[in-house]
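Following this message is one structure expressed as structure tokens.
Read from first to last, the chains carry the letters A, B, C and D; within each, the first residue is number 1.
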Amino acid sequence: MQDVPLSWYLGLGLFMFSTGVVGVVIRRNPVVVFMCIELMLNAVNLTFLAFARYMPAVLDAGESARSAWMAGQMMVIFVMAVAAAEVAVGLGIIMAIYRLRNEIDLDEMSALRG
Amino acid sequence: MTSNQLVFLMLAGLAALAAVGVVAFPSPVRSAISLVINFFILAFVYFTLGAQMLGITQILVYTGAIMVLFLFVIMLLNLGAPDAKAKVSGWQTAVAVALGFGLFGIVAGQVILPLSSFTQPRSAIDYGSPQAIGQTLFTGYVWPFEITSVLLLVGIVGSILLAKRRI
Amino acid sequence: MTPRELYTSPRGGEKSWVGNAFLFRNVEGQVRRRGGSQRVQSRGRMEFLQSLHPAVLALIRVLLLVLPLLMLVPGLIWWERRLLSWMQDRIGPNRTGTITLKSGKRIGTFGLLQPIADGVKLFFKEDITPKSVDRVIYFIAPGLALFPAFALGGTLPWGPPTGLWGLLTPVANIDIGILYVLAISSLGVYGVVLAGYASNNKYSLIGGLRSSAQLISYELAMGVSLACVVMATGSLRMTDMVFEQQKALWGVVPWIQNWFIFTPFGFVSFVIFLICMIAETNRAPFDLPEAENEIIAGYHTEYSSMKFAVFFMGEYASMFVFGGIISTVFLGGYNLMPINWAILAQDLPAAAGLFNFLDQANYTLAPLGFLLKCVMGISFYIWLRATLPRLRYDQLMALGWKVLLPCAVANFIVVAIWIMATSLYGVLGGLIAGGIAFLICGVLYLNVMAATRGQRSSLEKRTLVLTDGIGTDQRNQVELVETR
Amino acid sequence: MNGNPFDLIWYVLGLPLAGFLVQALFGGAVIRALGPAAGRRVMGALAVLPIVAAFGLGVSLVYNLIQLDPSSRNQVVTLFDWIRIPSLWVPFELRVDPLSMTMVLIITGVGALIHLYATGYMAEESDYARFFTYLNLFIAFMLILVLGNNLLMLFIGWEGVGLCSYLLIGFWYKDLANSRAGNKAFIVNRIGDVGLVIAMFLLVSLIASQGPSFVFSEGRFLSYDVLLSQSAINLYVANPLLTTVIALCLFVGACGKSAQFPLYLWLPDAMAGPTPVSALIHAATMVTAGVFLLNRLHPIFEASPVAGAVVAMIGAFTAAFAALIAFGQTDIKKVLAYSTVSQLGFMFIACGAGAYWAGMFHVTTHAFFKALLFLGAGAVIHAMAHEQDMRRYGKLLKYLPITGATMLVGWVAIAGVPPFAGFWSKEAILGAGLGNHYAEAANQNWGMVAGWIGLGVAALTAMYMTRLTWLTFFGPKEQWREIPLVDNGHGHDHAHAAHHDHAGHGGHAHEDHGPDEHNFFYTDAEVAARAEVPAHHHELDQTHTPHEVPISMWFPLVVLAILSLGGGYVLYNGHLFEHWLYPDGLALLSKEAVEGHPAGIPLLQLSIGAALLGIIAGLAVYWRGLPAKEGWDLSRWSPFRRAAANQFGYDRAMVEAGVDGGGFLANFAWKGIDVLFIDGIVNGLAAAAARLGGLLRTFQTGYVRSYALVTLVGVVALLGYLLIVAQRAGAMP
């Protein structure tokens, strides 16, 4: 995998991220919105990994370099863990809402209207 | 255009398509499926980045657990059918899409282009091996690791509390 | 020091300290000698293979894994039906393929052709696709169900890592083998779930739901029980695991191999893994997704000829592959017998010749041994199916969450302590510490269970939670089912 | 702790603390476990032993200290850093030097004796353990006060002893009067504490103005070895005005603790506590903290003669005022209390006149004889079934031979008859007052004035002490045998409450000039509630015969008697005490300025004459018992006595000023500041916020997606600005 430029990975990540953003805005189904958020998280993960692999920040090898690669992967791991927790709680909330009012539609949930 | 680039382009194209599918499909189940595909392909993208451990973890966590949960909830709540009344007002969609493209354009132009000169990976070959990750995770990052475990515990308790009808 | 030196992969000369806990003096020597002898023995074929392009070699490996799998499936079906019928005091399919000569003489084939006939029937049946299904998903679901079964075998070494077999197996000796297994097996659920959803049928849906919940809950225990083995091995590679199991038993008996099933912790993980694996493959007594007397045929109610056949094939293939996994992880992999012939030959020079011959045989027949173990696994499946009644859903969940998972975690802790103590105080101290930890965990677990026995959730509540969101009729249906 | 012998000082401090903990944690349990008698004996021993041990340690430390040469006789032992911030460093350190060790010896020595006495005195007390908990805690705090090497630790001790005194005054809290007395003491002390705190702030500001690197203090502004360092003294001399203010503020603090004129009110009421408490806290140790403070920071006072003059005059006036009031008192403990106040006045005269050593000397001797007198009075009260009214005594000498004898010693000692202890110290004080040319302001040697007043007061002291002694031990007849018709309102030491475990106990405390007849701290309802508490049955009658007190009570008396008999001369002889305290003179004042030997005034004769005169006058007046003008019928009292009995209306005036003025201030703060101003601001803000929110809530559509959309717009806009505009403008790298 020598010669794939860093920018391609970043581009993929960025595209996924913007797609997720658009999805969050235009979808009315909370589950789908959740999925879009997951999409954004994964885009971020991809970016982390790409930077960890190519590491434009750390130009000198050695200690700092190794810690930099590792830092990127650590971030990804923690993002995954947090995403798991977030999904568990979020889906629980969705189920609770559904049980409360037999339908799920973000535009119907405007009880907080000022 | 080397084989690696070819492979990457194929993966990336599929992933991008799947990502668009997540947003575009009217039926949540199809969105979920395309998200699964996206994550699965993303795992291979990780492999191309040399992060085997994380790629597998990606499949294990996202594809294997999180997305199954999503499907489970979708089916449990009968959200499977493409919701008819989920018509979003056109202008909102238009604005959102435009803004999305704006975001893409700005960041791509201002951040990614300057970085386009980096083509050589600098990390070690096995920087993504389980040994490397394990050593780093349990030496330098043990404290965040523990905190994350606590977070997950809280997540478990919270989801049970939310999902159970009577505790 | 460079990262390369820092994180030496266990393939390299020095192993991590966990492995050292089990090192025995002449294990290394044994391995070296075996490799050498092989290289001498089968030079010609190896040169030919090595001369091939790596991609071609990889292709050969894949074919060597997949084709037998595909060809074995009908045999497995036949074997299941025969064994089942014997266990149930029947005869089973024994006619098909019997050739009757002019002279009225019959050449029996024990109905070996029965599966062929079934296959033909399935292929030529009318392929019904119900009207209101979600077509795309309906079509891809069987493929998704079949895919993991074949992908799983990718990391299984069905032959020794040296010499000829070393070139032919495993398909990919990635250093995250076990994780790969877990990941792919976790993908198996999609076929079921999507099939259940796509065929627009409430029973199928319930089947899919059950399957997904079941798989998610049993994967945890499975992963933890495998983690114990990983700790003991110090590596995620399948080959390293087999290598680890070839060492001296408990680090003291050099002649007997240290198969993990022989070690106390290994046995516990083995049992847990066995149960989880049955649940993962949706087999009796955990076949709730296709419980014919509750929800017609579960997720493949709406599937007919070809697609149904694919489901069928996927099920058997995954059974076979899981048999391979469990034999690799716990049963010493491709070794026919848990005996280090080479060391025997070294220590008893009198019978050295015999033992060396047996060593050779063990090497040569390694794939056969592997196959044997897989078939044993399948037979165990069938035996269970013939023996045990199907669990109730809540029993399933209780078993997964309240028994298997705690046991697996406790076992995990015990193994950690045991390994630590072994590396610190030697073998005996390790065993003692492990035993103490085991006792403590057991007592704790029993106490917790006794404490929570009072507050089992009520049947009705389970029903509500299970079928939440589905129309009332299913709810009644499921209640009827649950209260059966 | 690198083997420094003075590290033992921590044990001196730690032993009473340990005792306190033992008493507090296990006292009740032990007494309950072993039964009242044995349990109390055990706990009493456990309470006394630490103090005795501490005394022993103190003696050994003093021995170590004497070994050193005078210049190096200030050892500082640091335990840990208490406060350490860049600009301030307050280590938790103790200072071992002659002054602190003198106080330590007084505190632990007299304290041990009084503890021993208390074991006997409180023998029937039900809250035995609680009492000794407080007592040990007091000792510990007092030690912190005197030993601490910085003003902050002194302040800890200062407040701690205040707390203990409050707790002990209100020991029998079931009686409202006691609680009131405690409250009064606590509140009046606050005033003094404010002065002390202000003084500390001023000191810090003064020293810190020189920058944190001042002398060797890396921010240790409050440590004595900085405050007393030569450069600091130069600083005091450099700006006299601030120094004077500091000195006066310090003196305010001293007034509060040592019951000087404006703030002496609380001390007489503090007699509501058990007698050992009065002896230990309100005569021997705590009230001398003010004198200790002046001695400790003497350079500050030396630097401002004005402050010296003020101190001297206040002391003199207090001495005279209290002495006059003492004539109006019929409660034996009250007489002693006022005599304490006036003796403290003497000490301040000395300090004001620049003879700090004389002040400390009087502290010492006064600790001897005043503790002796109080304990004796306690013994008498104990013997007389807790009757405190001298008009009920008489001819007690034959019933209480040991107590009587020892109290006679104390009498002559305080009266100032040579060679008793009081004579030497008082003579030194008067000599300092008359002889020193230090406390001069407005071309007038106020020290001289104070000295003359002191001389007069010495005579008065001798006279009222004679009154007390005569009425108690001699007199024509045994007064308690005829019960008067008019029930007096005089208070009792409420130890008898212990006899029936506080059960419905009441008794009348200081009816006429009690802590406050204006319900200073209590509502009328409570007063009424208190009034109907039934009088206790345990009362004097004709059949009563006093009995000598147990050994645990008279042994301390004997020891103290010996001390007040010989102690003064031993210490005074050859300026022993002076050289011990101030081996090489004072910081600023030359020896000539404070040589303490008035030229041309026959001081010796004068003071002896004053003492004898007072005694003779007292005998002359009270030879045949109480004159009719002091009988039971208050209405027939001479106006002077009635005025004296009411402290010349000073107490009432103060209390009224406090109540009414305070009430007025509080009302103003409530209506004017709080309601109008602060509440106005708060409510106004709240209302404004509500109105603003009302405006903003229209933006809250409640649609998640619109929020998301707006967020997206913001993100894109911000990114666009940052990445394009700002980058073009070069604002970002």
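Here are a few things to note about the model shown:
Please note the rule applied: contacts are C-beta pairs under 8 Å (C-beta built on N, C-alpha and C of every residue); 3 or more make two chains touch, one makes a residue touch a chain.
These numbers were taken from a predicted model, which means no experiment stands behind them.
Identification of common neighbours of subunit A and subunit C yields B. Centroid analysis (C-alpha atoms only) places C farthest from subunit D. With centres computed from Cα atoms alone, the innermost chain of the structure is A.
Centre to centre, using the average C-alpha position, subunit B and subunit C are separated by 29 Å. Centre-to-centre separation of subunit C and subunit D, using mean CA positions: 86 Å.
Centres computed as Cα averages put subunit A at a distance of 6 Å from subunit B. Distance from the subunit A centre to the subunit D centre is 70 Å, each centre being the mean of its Cα atoms. Shown for subunit B are the residues in touch with two or more other chains, namely 53, 57, 65, 69, 76-77, 88, 92, 96, 99-100, 103, 107, 111, 124, 127, 132, 163, 165. Looking at subunit C, residues 3, 6, 468-469 sit in touch with two or more other chains. In subunit A, the residues that touch at least two other chains are 21, 25-28, 66, 69, 95, 98-99.
Contact residues of subunit C toward subunit B in the complex are 2-4, 6-10, 16, 134, 136-137, 174-176, 179-180, 182-184, 186-187, 189-190, 193-194, 196-197, 205, 208-209, 212-213, 215-216, 219, 236, 461, 464-465, 468-470. Every residue of subunit B that touches subunit A in the complex is listed here, in rising order: 2, 4-5, 8-9, 12, 15-16, 19-20, 22-23, 28, 31-32, 35, 38-39, 42, 45-46, 48-51, 53-54, 57-58, 61-62, 65-66, 69-70, 73-74, 76-77, 79, 83, 85-86, 88, 92-93, 96-97, 99-101, 103-104, 107-108, 111-113, 115-116, 118-124, 127-128, 132-133, 136-137, 140-141, 144, 148, 151-152, 154-156, 158-163, 165.
In the complex of the two chains, the subunit D residues touching subunit B come out as 705-706, 709, 712-713, 715-716, 719-720, 723-724, 727.
Listing the residues of subunit D that touch subunit A in their complex gives 696-705, 708-709, 712. Interface residues of subunit B, counted against subunit C in their complex, comprise 27, 29-30, 33, 36, 52-53, 56-57, 59-60, 63-65, 68-69, 71-72, 75-78, 80, 124-127, 129-132, 135, 163-166.
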